[in-house]
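Going by the order they are written in, the chains are A, B, C, D, E and F; count residues from 1 in each one.
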Amino acid sequence: MSASIELIPGNTLITKTPQEGRELAIKMARLSIKAMQPDAAVRDKLRPDYADDAGLLIDAGQTIAMEFAIIAQANNYWR
Amino acid sequence: MSASIELIPGNTLITKTPQEGRELAIKMARLSIKAMQPDAAVRDKLRPDYADDAGLLIDAGQTIAMEFAIIAQANNYWR
Amino acid sequence: MSASIELIPGNTLITKTPQEGRELAIKMARLSIKAMQPDAAVRDKLRPDYADDAGLLIDAGQTIAMEFAIIAQANNYWR
Amino acid sequence: MSASIELIPGNTLITKTPQEGRELAIKMARLSIKAMQPDAAVRDKLRPDYADDAGLLIDAGQTIAMEFAIIAQANNYWR
Amino acid sequence: MSASIELIPGNTLITKTPQEGRELAIKMARLSIKAMQPDAAVRDKLRPDYADDAGLLIDAGQTIAMEFAIIAQANNYWR
Amino acid sequence: MSASIELIPGNTLITKTPQEGRELAIKMARLSIKAMQPDAAVRDKLRPDYADDAGLLIDAGQTIAMEFAIIAQANNYWR
């Protein structure tokens, strides 16, 4: 992993709304993949492997839920 | 992902009842899939891949449990 | 998903005992599957796919643990 | 699932020690499987499928961790 | 499972440091496997199945993370 | 596992920023793999198995999320 890659956009888990929190969850999940596979060409090649595969879409959806759980807690659920 | 897609219906995790919380969990899980695969035709084609597959149904059920855990916490378990 | 399907029996996460909480966890896991695959004939056909498969039984057992974690928290662990 | 099956031995999550908590986690995981596959002969037949399979043993180990997380929380980590 | 197998070394989740907590997480994960597959010869035979398999190593790494989450919470994160 | 392997860099879960916390999550996930497969040559050989595989990248991303959840909690979400 390149030491300089941004992993948390804005370097904060705090967002204004649940919607923005969910968008951050998706970005964080994607930046993890980027950290592990920095080659954009490879990532582009892999994209249809999961976007057209029901099982991998479900798995990726679970990652989003996991990231969002952290963000929601950080924001005290925007209560 | 389109920047404009709605990820959290109503932009809140607060619901009146556990039943509504569970419905929100299902919607949030589906909107994650939609964010990753915005093409409705592809999603429709993938649907029988999981709805008729015991393993994928179980995986999707785990996603619902994960989303619901967040929502239940946000609502202090409707106690 | 039919808008009218019951997802949380009794519409509460509160139960009298851990045993009842665990039974609720199993029911909630099953109702998620029902929401995603409303056709009872298909569900019946899929049942032996997982009930006779060690891996899928383990996965389904994890779903029960996930649902029960939520219910146990809601009930303050019946302490 | 038979309505009468015991899912939580002793109907409590409270144990005296971490060791007993871990044993309870294993029992709860097994009772989930029993609830989904009540036929002991089938369960016996499936046992070598996972006990001799590295991947399924890891999956089953994750179930134990998930159950134990609930029990440890219930017991305030035996602090 | 043999009733006498040690599942939590030292019968406590409390450790002096995060490093020791992580070592405990690894030990607990291994003792779960041992409880399910008490035959050392079989475990030894399965070892290369996962140690040389990227997917199973990732799965086993998730188990460690799950066990460590419990231990870290028990130790109030060694703050 | 060698008793001397470092599992938590710096032997603390406390970091200055979310970015550093995420980097720690990635390192902890990698050190788990190293503890289970200490042979660097084998790990190098396995690397393309997951870095070029959409499913394994998603799984590894989930591990990062799991580790980060612990670290974020330890740091009170850097609020």
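Operating definition for what follows: a contact is a pair of C-beta atoms (placed from the backbone, for glycine too) under 8 Å apart; a residue touches a chain by one contact, two chains touch by 3 or more.
Everything quoted here is computed from the prediction, not taken from an experiment.
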Rigid-body rotation angle, chain E and chain D, from Cα fit (steps of 5°): 60
Length of the line joining the C-alpha centres of chain B and chain C, rounded to whole Å: 16
Whole-Å gap separating chain B and chain E, where each centre is the average of the chain's CA atoms: 32
For chain F, residues that touch 2 or more chains besides their own: 50, 53, 55, 59-60, 62, 66, 69, 73
Touch-based graph of the chains, sorted into line, ring, star, complete or other: ring
Complete ring sequence of chains beginning with chain D, oriented so that chain E follows: D, E, F, A, B, C
Parts of chain E lying in touch with chain D, wherever the complex brings them together: 1, 3, 6-8, 11-14, 28-29, 32-33, 35-37, 42, 46-47, 49-50, 53, 55-56, 59-60, 62-63, 66-67, 69-70, 73-74
Interface residues, chain E side, partner chain F - complex: 17-19, 22-23, 26, 50-55, 57-62, 64-66, 68-69, 72-73, 77-79
